[in-house]
Amino acid sequence: MIGIAVVGYGYWGPNLVRNISETPRANLVCVCDLSSARLAAVQSRYPAVKTTDDFEEVLRDPRVEAIAIATPVSSHFKLAMKALMAGKHVFVEKPMAATAEEASRMVEEAARRRLILAVDHTFVHTGAVRKMCELVESGLGDMYYYDSVRVNLGLFQHDVSVIWDLAVHDLSILDYVLPEKPVAVSAIGMSHVTGEPENIAYLTLFFESKLIAHIHVNWLAPVKVRRTLIGGSNKMIVYDDLEPSEKIKVYDKGITMNCNSDAYGEKVHQMLVGYRSGDMYAPRLDMTEALKTELEQFIDCIEQNARPITDGHAGLRVVRTLEAATRSLAQRGRVVELEEVRRIA
Amino acid sequence: MIGIAVVGYGYWGPNLVRNISETPRANLVCVCDLSSARLAAVQSRYPAVKTTDDFEEVLRDPRVEAIAIATPVSSHFKLAMKALMAGKHVFVEKPMAATAEEASRMVEEAARRRLILAVDHTFVHTGAVRKMCELVESGLGDMYYYDSVRVNLGLFQHDVSVIWDLAVHDLSILDYVLPEKPVAVSAIGMSHVTGEPENIAYLTLFFESKLIAHIHVNWLAPVKVRRTLIGGSNKMIVYDDLEPSEKIKVYDKGITMNCNSDAYGEKVHQMLVGYRSGDMYAPRLDMTEALKTELEQFIDCIEQNARPITDGHAGLRVVRTLEAATRSLAQRGRVVELEEVRRIA
Amino acid sequence: MIGIAVVGYGYWGPNLVRNISETPRANLVCVCDLSSARLAAVQSRYPAVKTTDDFEEVLRDPRVEAIAIATPVSSHFKLAMKALMAGKHVFVEKPMAATAEEASRMVEEAARRRLILAVDHTFVHTGAVRKMCELVESGLGDMYYYDSVRVNLGLFQHDVSVIWDLAVHDLSILDYVLPEKPVAVSAIGMSHVTGEPENIAYLTLFFESKLIAHIHVNWLAPVKVRRTLIGGSNKMIVYDDLEPSEKIKVYDKGITMNCNSDAYGEKVHQMLVGYRSGDMYAPRLDMTEALKTELEQFIDCIEQNARPITDGHAGLRVVRTLEAATRSLAQRGRVVELEEVRRIA
Amino acid sequence: MIGIAVVGYGYWGPNLVRNISETPRANLVCVCDLSSARLAAVQSRYPAVKTTDDFEEVLRDPRVEAIAIATPVSSHFKLAMKALMAGKHVFVEKPMAATAEEASRMVEEAARRRLILAVDHTFVHTGAVRKMCELVESGLGDMYYYDSVRVNLGLFQHDVSVIWDLAVHDLSILDYVLPEKPVAVSAIGMSHVTGEPENIAYLTLFFESKLIAHIHVNWLAPVKVRRTLIGGSNKMIVYDDLEPSEKIKVYDKGITMNCNSDAYGEKVHQMLVGYRSGDMYAPRLDMTEALKTELEQFIDCIEQNARPITDGHAGLRVVRTLEAATRSLAQRGRVVELEEVRRIA
């Protein structure tokens, strides 16, 4: 049984606490937050769990083997570094840090100390995204495009643009599902509230192959949409996360190319494009809560000294892309290269 | 009764012929096409209509007061110029010409000869788009964004990219519905078939205000989508052209901004964003076939020497944007300014 | 090539005329209707086709080998009998007659004269219903239920209830798809317009097995619904005719039953019900127009003296059920037995 | 602050406990259940709450002013009667009792002792159903029909048919929303598992007016549907409980009737039916959890000695209809009159 402390009991922290408290393989040692009201809430629901507003106390507690960090992004680096230096394994919310520089140092620190550093890219651990990855690997053919729309009304943030808030989900999914890593990024967006960050944005990711990825994120949409189209040369996927059960639909659709020959047997310039349309199917998905799967895996990695699927490297690649996108955003979509990412990945 | 000839009886021509033949205010004088098989099809269905493969014969026919051109884009300029020079009014398919230079000369020729030049921006004449325009004018507030997705599997074209084929619809709608004209355009796309034009593309239009427009077009999607989101400061619209009856939904949703004061009465930096969510409604739409409405209006304009809603200027603005988008597409989305358009519009 | 005449050019007649005129295997000899305006419409669209308002003339024309009847139901019997007695094959709209007695005499007359009598149960010839039949035969397991909702706003009829207008479609589909024939029927309905027939009705069909079928038809619904659920012990189907492409969805869902044993090894009374949930798939469907398929088959049957899938017997079974349902409707759903149908089928 | 005990911590009990514990106006005194495992679960989540497996202890506790009963239906009567006789107010799950006789005695007992008896008809307290009731009262016109489909895969029960499990929801909604009470009921159903109660059923309710209500319930459907159509002479409603936000849609649709006059000015027999189709709108709904609203109201009623909206009389009417439906079900839909209900209501 691994002793775990949770730092931060705001929006996401309660989910971590609930899942850790329900996993027989973990011992929820304590919860740390600066707000006494929140700590009182923990106390009343989990009377056996220690609460504190002093992070140093968490670090000193020998029962704490791992720390889950669910505080605002700006504090991830400082808290995670302290945790690692105190010899604790770290499970940190996404995005893993405010800059690629910070993320990179976290990765190095964890590696040096042979500690597990997992980033909470939750979607990667859903049945839907895991199935999508399986499908991409086994039969979509050449990858053509990945197109995601993630829009709704709400939850404007004041410190980061909609890219850091919403596109981060797509970047983490992309990083897991696609067979290659992006080489450049372009982002265009707009802020409709004076003095606030961009509330609508469009990201394009370029790859070495003909694959193109595009992400539309928006805090000001009248309807909620969570829909991704993935096109391959053999099959295509629609992933609609709002569907209650058939989240993934696989279409046996595409085009066929034939060289045309003219009457004299000479190959003519123009290709003939034919269309192929077969059955659609919606595979049954594992509906286990993603966070549960993810925490089990984090514990496995600690016990077996293995590498989490969404480790610090994955987290770093996502932050690098966010950083590049932010730079592009400031220049109306100028293409920003991601050479560094390739070097690391 | 206006005597009309139709040139081109391929994909769209039959719709023109059917609508003209059913309008009591027009006399369908003749149909011209290079294919004798197509002309035979016209003959068998419309035995009273003259058919010919000789465009000059159409020009010489004194009963022909107006010519509707539904041939491939590359021939629009030559045919329309000849028609105008022969004193005929012109109704031409979209895009009105292959280049802005051509379109511009068509506009000048029609103006010089005081002839009507209408461009078949069909969607502008649907009940849905007309209602959308009404809503934008009367109560959406400040315009924030226009986001369109127009994707499906099929009909790859060999001479033009998906932008000229599909985004042209959105550009014509935008031109009609939005209160301002774009000042710059950026386009990113990809061709997945060697030697063929781009089959997927993303266009962004920039305006002088904070309005941003984005268009996603794709010939290789597993599902058909025709969906536009329009965000304003007071209301938002979802326009789904595939809905059988409720194509336009108006949401009384948005955000409210409040300046926050701290405990000492000082205005603090951060704005508080509140969310507003009221009723949704789907206005009843006029379901008349757009082409019928459009042809009636073309006849009105001829009779009253009036200016069509989708006249040559509208057609020219759309072609200029297509041209700029094509240039941007070749440079991975470099922003191309549209100063010229503003001068004319 | 079979010479065919069409009698009745109202709502459905134009579809028959169009399909017959486009089939190279048929010769559309003439169209008969009492309205001179309608005959003029035929003339202008099909100038080569003879038109007449005299049915006797049709009967006398030796080129006419078969007659398609698309007149109001009340006239089907008289026209079809005359046609058969004149030695013509008959293709008649559904329901095939106003009473089972009439339908039965039509069947006998056709049999005696060895003429083909086909009933236009259009839906049976769609790709969707044919696929459904295939699925029922090959793998749904024991049939549990067939539940159809067929509602919309409109087209109130004055002579027959909504059952004869809308439920007739379901009865013809049922007759084709299900492995057994109904043995009894119950119908409940209501008329909301004084003096008019029932505009909403619910039919239940009973079978010898545990299969139950239910049909909801309504002329006064705010939305259009065409949705059938079919439950079998192995698989279940949702057939939504309004879906543009995925009309048939097959669910690998169901229950599993286990006998429970108590601690002492004795079988306890209660069964344990488990739930099974696998993939869903939507098979590709043949999208050929049903009427085209049907007319081709009618011609095949004439040429090869074969039996149409929707022959007079099928038409008679449907009319018997409609008759029984009408009787039940008048008695608030009293169950009416269908013994006669079983004897014939 | 009202002291409340909850009896039964199975499927629904935890929701009661959570809501009562979160209401500042109530004091959750204790939870009673026969299972020690369940009581342990209560203990760990609500350490301050007393737990017991002895109902008599609950009755003796002077702090307990009201008892919420969430045990199996068969025990409602015994527990509620004891509670009332001990002077406690009662909040009981639906259906309120296993027989109308029991329900009737509960109503009398509460009346005699001037205690509040509320039945947990949860749906009545949702924003959607409350809005529906408002709409029916204010502008739907004459009521034509109420048609509900409530189907899904799952949760077979062994002691009661699907009517007592699922149709009870519709009956409680109907009882609240419709302007009149049913006078007769017919029910048809089928059991597909030997020895088990009916898993599919169709209920029809008759009224003195032309209103007709129909309910389709099914435990064996491949998809989940929760959809009600309500037709009135002025407006129509679609209530889809699975829609995340627009659960209620109001259609300005219907028919218009005109008496037709023939050429000589005489009124002819046939009515002309016209169709009317206007805007649709989806009113904003109060999204408060129904159970919270309901418990607040229960407390209000206790404090002000008022009558709950879903009081014992409402519960009794629902049970009477269930009882009548069960009788009808055993006789293939024989119409069963509900005279008794009218006498009481």
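To keep things simple, chains are lettered A, B, C and D as they appear, and every chain counts its residues starting from 1.
Methods note: contacts are C-beta pairs under 8 Å (C-beta built on N, C-alpha and C of every residue); 3 or more make two chains touch, one makes a residue touch a chain.
Please read all numbers here as calculations on a predicted model, not as lab measurements.
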{"item": "Contact-connected components, subunit B excluded, all else fixed in place", "value": "one piece"}
{"item": "Pair sharing more residue contacts (C-beta pairs) when A-C is set against A-D", "value": "A-C"}
{"item": "Equivalent interface positions on subunit C and subunit D, same or different at half", "value": "same"}
{"item": "Whole-Å separation of chain centres (CA-atom averages), subunit A against subunit C", "value": "52"}
{"item": "Chain centre separation (subunit C, subunit D; CA means) in Å", "value": "38"}
{"item": "Chain centre separation (subunit A, subunit D; CA means) in Å", "value": "43"}
{"item": "Per-residue multi-chain contacts in subunit C, two or more chains", "value": "277"}
{"item": "Complex contact set, residues of subunit A against subunit D", "value": "44-45, 47, 224, 242, 244"}
{"item": "In the complex with subunit B, residue positions of subunit A that touch it", "value": "142, 144-145, 147, 149, 151, 153-154, 156, 158, 186, 188-193, 195-196, 200, 202, 204, 206, 210, 212, 214, 216, 218, 220-223, 229, 231, 233, 236-238, 249, 251, 253-255, 257, 269-271, 273, 275, 277, 332-333, 335"}
{"item": "Footprint of subunit A on subunit C - complex, ascending", "value": "246, 252, 277-284"}
